[in-house]
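Labels A, B, C and D are assigned to the chains in the order they are written; within every chain, residues are numbered from 1.
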Amino acid sequence: MTRNGNGYVVRVLVYPRAEVLDPQGRAIEDALGRIGFDGVERIRAGKTFEVSLNAASRAEASEAIERMCRQLLANPIVEDYSVEWLSR
Amino acid sequence: MALKVKCGIVVFPGSNCDHDVYYVLKRVLGQEAVFLWHQETSLQECELVVLPGGFSYGDYLRAGSMAAHSPIMAAVRRHAEAGGRVLGICNGFQMLLEAGLLPGAMRRNRNLRFLSVDVHLRVERNDLVYSSGYRRGDVLCMPIAHAEGNYVDSDEALDELERAGQVVFRYVDADGSVAAAANLNGSKRSIAGVCNGDGNVLGLMPHPERCAEDLLGNGDGLALLAGAVQAGGARVGRLAAAAGG
Amino acid sequence: MDAGLAAEHGLTTEEYGGLCDLLGRVPTYTELGIASALYSEHCSYKSSKIHLRRFPTRSRRVVHGPGENAGVVDIGHGWVAAFKMESHNHPSFIEPYQGAATGVGGILRDVFTMGARPIACLDSLRFGDIDGERGARMRHLVDGVVRGIGDYGNCVGIPTVGGETGFHSSYNGNILVNAFALGVCRRERIFTAVASGAGNPILYAGSRTGRDGIHGATMASEAFDSESEAKRPTVQVGDPFTEKVLLEASLEAMRSGVVLGVQDMGAAGLTSSCFEMAARGGAGVDIDLDLVPLREASLTPYEIMLSESQERMVFVTQKGQEQAVASILSRWGLQASTIGRVTDDGRARLTFGGRKVADMPVEPLVDGAPVYDRPAAPPGDLVHRQEDVEPEAPDDPLGALKRLLGTPELGDKAWIYQQYDSTVRSNTIVGPGADAAVLRLKGTPSGLALTSDTNPSYCWLDPRTGGRQAVAEAVRNLATAGAEPVGMTNCLNFGSPENPEIAWQLRECISGMADACRAFDVPVISGNVSLYNETEGEAVRPTPTVAMVGVIDGLMDLGDEAEIHRLLGCGFWRPGDRVLLLGNEGDEFGGSAYQRLLYGVEAGRPPAVDLRAEAALCALLRRARRTGWLSGAHDLAEGGLLVALAECAMAWGLGMRGHTGTSPLSLFSEAQGRALVTLAPARVDDFFATAEEFGVPASDLGEVGGDRLVLGYDGGVVDGAIDDLRAVWAQALPRAVG
Amino acid sequence: MTRNGNGYVVRVLVYPRAEVLDPQGRAIEDALGRIGFDGVERIRAGKTFEVSLNAASRAEASEAIERMCRQLLANPIVEDYSVEWLSR
């Protein structure tokens, strides 16, 4: 990382909200059943983003991540997101 | 000759129905039409702004999500708030949802596949400029072509939407009845198109611009676009009739 | 550097020796890579060139024949159409979604590099067995290919308006994915991929270069074997969004007047684009590979030259105009980098890290690739193959019809084409599901008709007849829409040409196609050859896919504007219309769907193709269209008369009642040169008179109406509810792909 | 969980392989840049699945998960996957 500040790597997980039907998860459950995986109880299918970013501090990085999740990465009407720190 | 209405069609990187709408507005309806570049901040005094279909920015995140942040969207928002007409078709509808100009969100189609077929729509209210060329209850045929047209919102929000009469088009069968089999993408309450509270912003998934000429075998969409450019004040006004009807 | 390494690159000892002679020294590693790509079957057509020369390539309409990125024909009113078909068979077998997607991307670039705006795609697909346990992998391939084609074309916004889909066990190890694209532009705006003018800059635009598909061209020139896995290059991932902006930016740049030549990077990437562009201009190029935008810093010059990363283009501009092009590109979010200059000494000089890594003569490498006249011999079992097997007469023709309609081969293809946007660009009058797709051409009174056809079983039984049939069927499909053929492209999918039987198939198929092209006066303006479609010695059925384009001059002459889309389709829609059968009857079952799909018999001689009779039929169809007599027309193809009638009935859910004097077996004959037409009763007499004038036999089968298909024949009657037929037909594919 | 055996919850992360083009990640990077997040260095865009399954033992669950990743959840030709245990 060349800029000023520190590099952080953050994982964002975006899943359909619990009350919203998850057609993709259902489809995968069905497909797994068809090919013989009978122990599967439930699948939730979501998106993940690994974000590498530069920020002056972890607090600032955290604030930026929250904003980008709300503004772009997740749609609050249908999705929930969570953030995990992969570095520092 | 009637006064021409100036129409602006916003071009985002990845828009691909921009020319189709332009063709109908300009060549079929004889209006003044211009393309507006997504990075512009002025609407060049257009009375009608159309957000066309396509795959803005590839729709690589959620359909319409990246375009919703384009510079021109601030101007579109102001235009809408001032009562100006804004029509979002397909990807344009998705952008209006992502930008919060219309309520709700889209998920992937129920069968998780792109769907390119003709569907039937029922006109739920005809007191908007856009639907004034139809009668309430009319059953129209229009093509859909999308992978994310599965409209959703919370039950309370949907109740409110219905109560306020903001559902303008619903997927129905050929007889005009709501049926699961006719709701191919799986939209909540078979919703195909909604408007804002004032009725000046309309979004719908089907493509009226692809069925606005007899030569293409279907003219059902023409009245919608003709309505959108119909003369008269830009402000539509909140219409109580819808709630009553 | 030695001959062993050359062999690993697919060069023969002679080819390697020739290369050393040409350079006057041993090649560098980068040079070896470049030469092996240019000499590969895929780029050089070394095994097929000698046969391809048989195709007629000229007509008064041809603007550019084979040799350009896409062929170009005049379609009237100041417009030209550029079109081509390409295979993406190997990549699609390895990774169906990306393989098929990037196939569409490649063919679109071939079209828009000509300055033409793409307005339609077709896809011709062949899969293996999809039924049962063993079909799981094949179903996965079908799903991936269809999604890949759809997602790419849909995103770029080019409608897929037709195509074909076939199934046969010979494709179990090698599926075929052939993509066609057509673009239009004003005649004076057509572009060619030429590098000219010493000192002019060469610009690179689009995606960065990664390790994708290195050796793609050589791989497409080899059969699959157990080692293919290990040699697998990084898979090319399509980026249709970048393609779309590249398309818009390129067309804008070409219109701006500062661009001299444009070429996309297809097979063999930067190598073929630079060499071919330079060769066309009789020029040379100096390229600094350090200036090529890379995805990973560690790429070697060899890798940079051979990468097949998608969505990349090179532009040659006027000196000093780099900035003008760059600013157009940047408006669309694309970067342009000047990577070199055109020279006038006919050599390609590449430097990397300040060192020269290649210095080769352009012309001899591009046009001087070896040409082989490979030994050809008919297959040893041909006589046996062509022995007629007496077909069994059906005790229940309706049952046989339903079984045929219920096969994936003859079933409804809507499951596929509903995943493709077929109406974007608002030109589609007749989309997928008819004999030919029909588009209006905005700003003109004309329409364009498109079709893609081939019958691999016929080609396997008798490649020459099969080749003739493919062309004849395409012309016939266009004629049902009233369109005059103006040009043809093709994709020749065969096994290894090093096998004399395959070389023979190739030669014979091409001869048959060329004969037919001459008979119908249809020039071949572009095409593609895909050889080595075989696995463990098992070759695909010879599959010469023909895609043909026709012009309908005066769409409005065909009938009432609001009815044109129905008139041009191939279904019954107006009760009371008469249904006429045109063409000679005859019992022909070799390679027929009836024998293959119901009895597992693929034997005998394919139906004879009488080119004169076909031409007369097509001329009659066009004439009848133009006079506005016809309310519909449908050619007889796989499955024969009864299947064709069922298709007409299912189209709009309107049946017919009629009679034919033939035997029940004849209902399934695939005798060629036949079509169904419908017309108002008042037109029938005129039509019969005209048919006689054209020398085309015609008979009145009956009347359109009702919700059943009722057809009397010698000894009985077929009587089926359309809803029942439709149920079987519509479910055939969804059920099979599950 | 009603069946015999134990319930496990596993998270599967699927990303494009490093050498493969990631158009989605690039597009999101660009979009974030356009809306003013200038600290973002890189985004990898992937899929995630939360799988709840029943198995006799963790070893068995693990084996099933690996198989389903290879057969259905990830496409080994263009994607890499990793597995994280959310329960036990």
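In this text, contacts are C-beta pairs under 8 Å (C-beta built on N, C-alpha and C of every residue); 3 or more make two chains touch, one makes a residue touch a chain.
All values reported here derive from a predicted model rather than from experimental measurement.
In terms of the stated touch criterion, the partners common to subunit C and subunit D are B, listed by label.
Looking at B-C and A-B side by side, the one with more C-beta contacts is B-C.
Averaged C-alpha coordinates give centres for subunit A and subunit D that are 10 Å from one another. Averaged C-alpha coordinates give centres for subunit B and subunit C that are 36 Å from one another. Mean C-alpha position of subunit A lies 30 Å from that of subunit B.
Remark: subunit A and subunit C have CA centroids separated by 41 Å (rounded to whole angstrom). Of all residues in subunit B, those that touch two or more other chains are 57-58, 60-61, 66, 69. In subunit C, the residues touching two or more other chains are 239, 241-242, 333. Residue positions of subunit A touching 2 or more other chains: 71-73. Taken in their complex, subunit B has these residues touching subunit C: 13-14, 16-17, 19-20, 23-24, 53-55, 57-60, 113-117, 143, 145, 147, 207, 209-210, 212-217, 219.
Contact residues of subunit D toward subunit B in the complex are 23-24, 27-28, 30-31, 34-35, 45.
Those residues of subunit B whose C-beta lies close enough to touch subunit A in the complex are 61-62, 65-66, 69, 98, 104-105, 107-110, 112, 150, 152-154, 186.
On the side of subunit D, the complex with subunit A involves touching residues 1, 3, 5, 7, 13, 15, 25, 28, 31-32, 35, 37, 39-55, 61, 64, 67-68, 71-73.
On the side of subunit C, the complex with subunit D involves touching residues 94-95, 97-98, 207, 210-212, 232, 234-239, 241-242, 295-296, 309-310, 333.
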